[in-house]
Amino acid sequence: MRNYTKPTWFAIGWLGLMMFFSLFGWLLPFKPWNFVFEDDLEVGLFSSGHLLGTDSNGYDLLSSAVAGTRMSVFIAIAAVGLGGFIGSVLGILAAYLRGKIDTVMVTIFNVGLSVPNLVLALALVSVLATNVDINQAVPTWRRVMVLIISLTIVLIPILGRIARGATLSWSGREFVTAARSMGMKDSKIILRHIVPNVLPALIAVAFLAVGVVIIAEASLSILGVGIPDGASWGGMIARGRNDLEYAPHVLYVPIVFLALTVISTNHLGDVVRSKLDSREAKV
Amino acid sequence: MSRISFWLQRVAQLLIVLLLVTFGVSLLLRLIPVDLATILLPVGTEEERDILRNELGFDKGPIGYYLQWLGNFVQGDFGKIYFSGGTEEVSDHLKVAMPRSLLLMVYTQILSLAIAIPLGVLSAYRAGRRADKIISNTLFTLSSIPNFAIALLLVIFVGVKFAWLPTLGYAPISDGVWEHFKHMIMPVISLSLGLIATYTRLLRADMIAALREDYVTMAASKGLSDSRILWRHVFRPSSMTLLTSAALSMGGLIGGAIVIESIFATYGIGFEVFAAIAGRQYVALQSTVAVIALFYVFFNLVVDVSSGFVDPRTRDRRVNA
Amino acid sequence: MSALLSVKNMSINFDTPRGSLEAVRGVDIEIPAGTSVGVVGESGSGKTVMCRAAMGLLQGSNVKRSGTVIFDGHELTAMSKEEVRNLFGSGMAMIFQDPMTALNPVRRIGSQLSEGLRVRLGMSKADALARSKELLELVRIPNAAAVLKSFPYQLSGGMRQRVMIAIAIACNPKLLFADEPTTALDVTVQAQILQLLRELREDLKMSMVLVTHDLGVVAGNTDYVAVMYAGEVVEYAPTKKLFADMRMPYTEALLESIPKVDHKSGTRLAMIAGRLPDPTDRGAGCSFAPRCKYAQEKCRQEHPELKKDPDGHLYRCWFPIGEAK
């Protein structure tokens, strides 16, 4: 457990910093992310007073990135938590109960999986975020909710299928058959024997799913259907595209934050999975 | 079970998925809390809207609407895009967009496989050694960088700083091969990096497993060279997963292409999806998503067919199953 | 008579998650030209590893080898991979233990059989295929033309084993390692395969190393026998001499464990009480001591040295059978 490699420590450290930013970012002595520094437009990286520079609106990029962390991390954790929970419940039940329920679940998963992630997310967001009065702008909080719900729906079949696969391979093992033959209740078997064994595989995928959600959120923002003016990394990238020719550092900042976060979650997902593989190999 | 009934069953399964996908999208549209006819014809008269409602089946229930759409779709009528000045056929848009996207994907797949196969073979052959570690770590890092970030960085450096390549637009092959590729290089690279990493990783894992097989030692005992063993005896049985994942990644590519096509203004099918959503062209959206799902399902079938060629065992196993 | 193959002080270790595994320990063995040498021992005693190591077929970063192997005047252990490779096919060849796994599942028999001919003997594709058909007929495969076009999974176990033999003898090797060529087969097929090997050996003037579990097979098919235990050759003698006058308690136990109904072929090694010692943790004394009925204190303390009777009979025991205890 303790013999983590340097990249693993880096990933843990970076994600820790991101968690800190998202939970306690407001404690830091920053101006609000959309505070306009009128005298400092498009200041470069590492300028005095603006560690990461400013964009053409005069927004400080470090403040923006910290604020963006909160939004991106919140959306990612909420969507992966919800999607992971619903997906696992459905997947585990389908695999454990088999029969018609399983067939229906598998079909639903396949339907979900046969539409590319981003297409599904785009369609959901656009439908759910339509106001009754189409001329009235959708408030930011509702956009956030819509994003979370849409990404949750995207994740359900992905995680559900993995939960189903893992459950299938475990529910065939002797100890499950033994528990069944001893008359143990299904709910108890699932909680005692299936869930603890399926969980590690799901955790490994959940790390990867966090990356998927963060990227999806950013993609939607770039396409203009994410969070329009609220700060998120995707929102920063979308804004920065306009300044691309004159002030590329406006893009570098969110890209680096986003890429390091995704690299870290992917790496940790990998570490969990290889731990898992070596455990399986020993069984 | 005979081979024919196996394939019939497989096709039936895929058709059901297709029907459910399109029905799902159609239901989703009915959930929009706004009158669809008003969205499509914001400045029209109420009579015009009534005609439209009737024409598109908005006045029917969800199932009636779906069946009407489906009937039109299978006859090649994909619906219209509504402007203030008139309408355009969705199929005309797709006729322009599909070939661009398909070329983009085909180039992406070719480039990805062309790079991933040698890298995968090399890192399996040198598993655990330096070359392997360098390849694996580099690809892992590159693949974690989202494709739009790579696209934007390419635009900044290759497009703007050095101005080697055009940053926007598309040129058909008829404009000249080089002109065509000039517009394709950056989108293709943006979409490829992630795939290269995935493919290399899959191939490496499968080849390492295959290298432990007795038939590899057997091949060595015949006095064959390492490269012959790697390519003739190890690569082929290992390429099955690669092939599957290449075909299945087509769906994900369409998703990735939405952003990439909008960054580079390629106006392929991904962009059509985006434009339909942004412009609230729900009929166009429904048909375009249906076309995408159709392709996705088609590639699934391609996997099934081609797996029999790569691994002869699956041919009979499936029939016997 | 000079030795065709001579293995000197060969040790093979595998790095495993549980530590270093000593699969072969200080083996010395000579295969005189024109003879057939049997290698017997329980499962896991290192027979396969020894043969593969002698041919230099053990690959992978977790393998550590030491010792020398000299084949037909070439010191294999001092040669490059490419040089050793040139000796395969027409110098040495191997029949693998499991015909299910040793044939490539996705390539046709014809291509697997002919590729050695093409690569090693430089035959054209057509010549190689024609020769392949002859080889299949030589190993008595009916309908050879059809078999050339089949995939391994379409053949029965006996057929696959014959195909493997055909591949091994394709380039007319001087030395054939036959690693349990009959274990996977039923008794009648077993007898046919052994008969086939005997004839081929005479016709092609091959020497052979015959690995087996089956003392009956050893008795009828070999000139010399090496008995392996826990990675070591613990007894080596001409076959007749070994059966008449064995020195190793382990060999005796092996023989006693055979059900006495039928002393001929088809009698596999039955269980000797106890198990092989953990290959990652060899104790100090004789490896057989925990299971040996003659074991004494010395056996548990000191590893027995290799002893040689005046007639060349080799064994590794402090208290050999036939000496005052």
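The chains carry the letters A, B and C, assigned in the order they are written, with residues numbered from 1 in each.
In the analysis below, contacts are C-beta pairs under 8 Å (C-beta built on N, C-alpha and C of every residue); 3 or more make two chains touch, one makes a residue touch a chain.
No experiment lies behind these values; they were computed from the predicted model shown.
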Per-chain CA centroid nearest to the all-protein CA mean: B
Highest-count interface - the chain pair sharing the most C-beta contacts: A-B
Approximate Å spacing (C-alpha centroids) for the pair chain A, chain B: 22
Inter-centroid spacing, chain C versus chain A (mean Cα positions, whole Å): 57
Interchain centroid distance [CA atoms averaged], chain B/chain C, Å: 52
Residues on chain B engaged by chain A in the complex (per definition of touch): 16-18, 20-21, 24-25, 28-29, 31-34, 38-39, 140-141, 143-146, 148-149, 152-153, 155-156, 160, 251-256, 258-259, 262-263, 273-274, 277-278, 280, 285, 289, 292-293, 296-297, 300
Residues of chain A that touch chain B when the two form their complex: 107, 110-111, 113-119, 122-124, 126-127, 130-132, 134, 211, 215, 218-219, 222-225, 237, 241, 244-245, 248, 251, 255, 258-259, 262-263, 266-267, 270
Interfacial residue positions of chain B with respect to chain C in the complex: 127-129, 213-215, 217-226, 228, 232-233, 236-237, 310-313, 316
Residues of chain C defined as touching chain B within the complex: 52, 55, 57, 59, 61, 81-82, 85-89, 92-94, 96-98, 101-107, 115-116, 119-120, 151, 153, 164, 167-168, 170-171
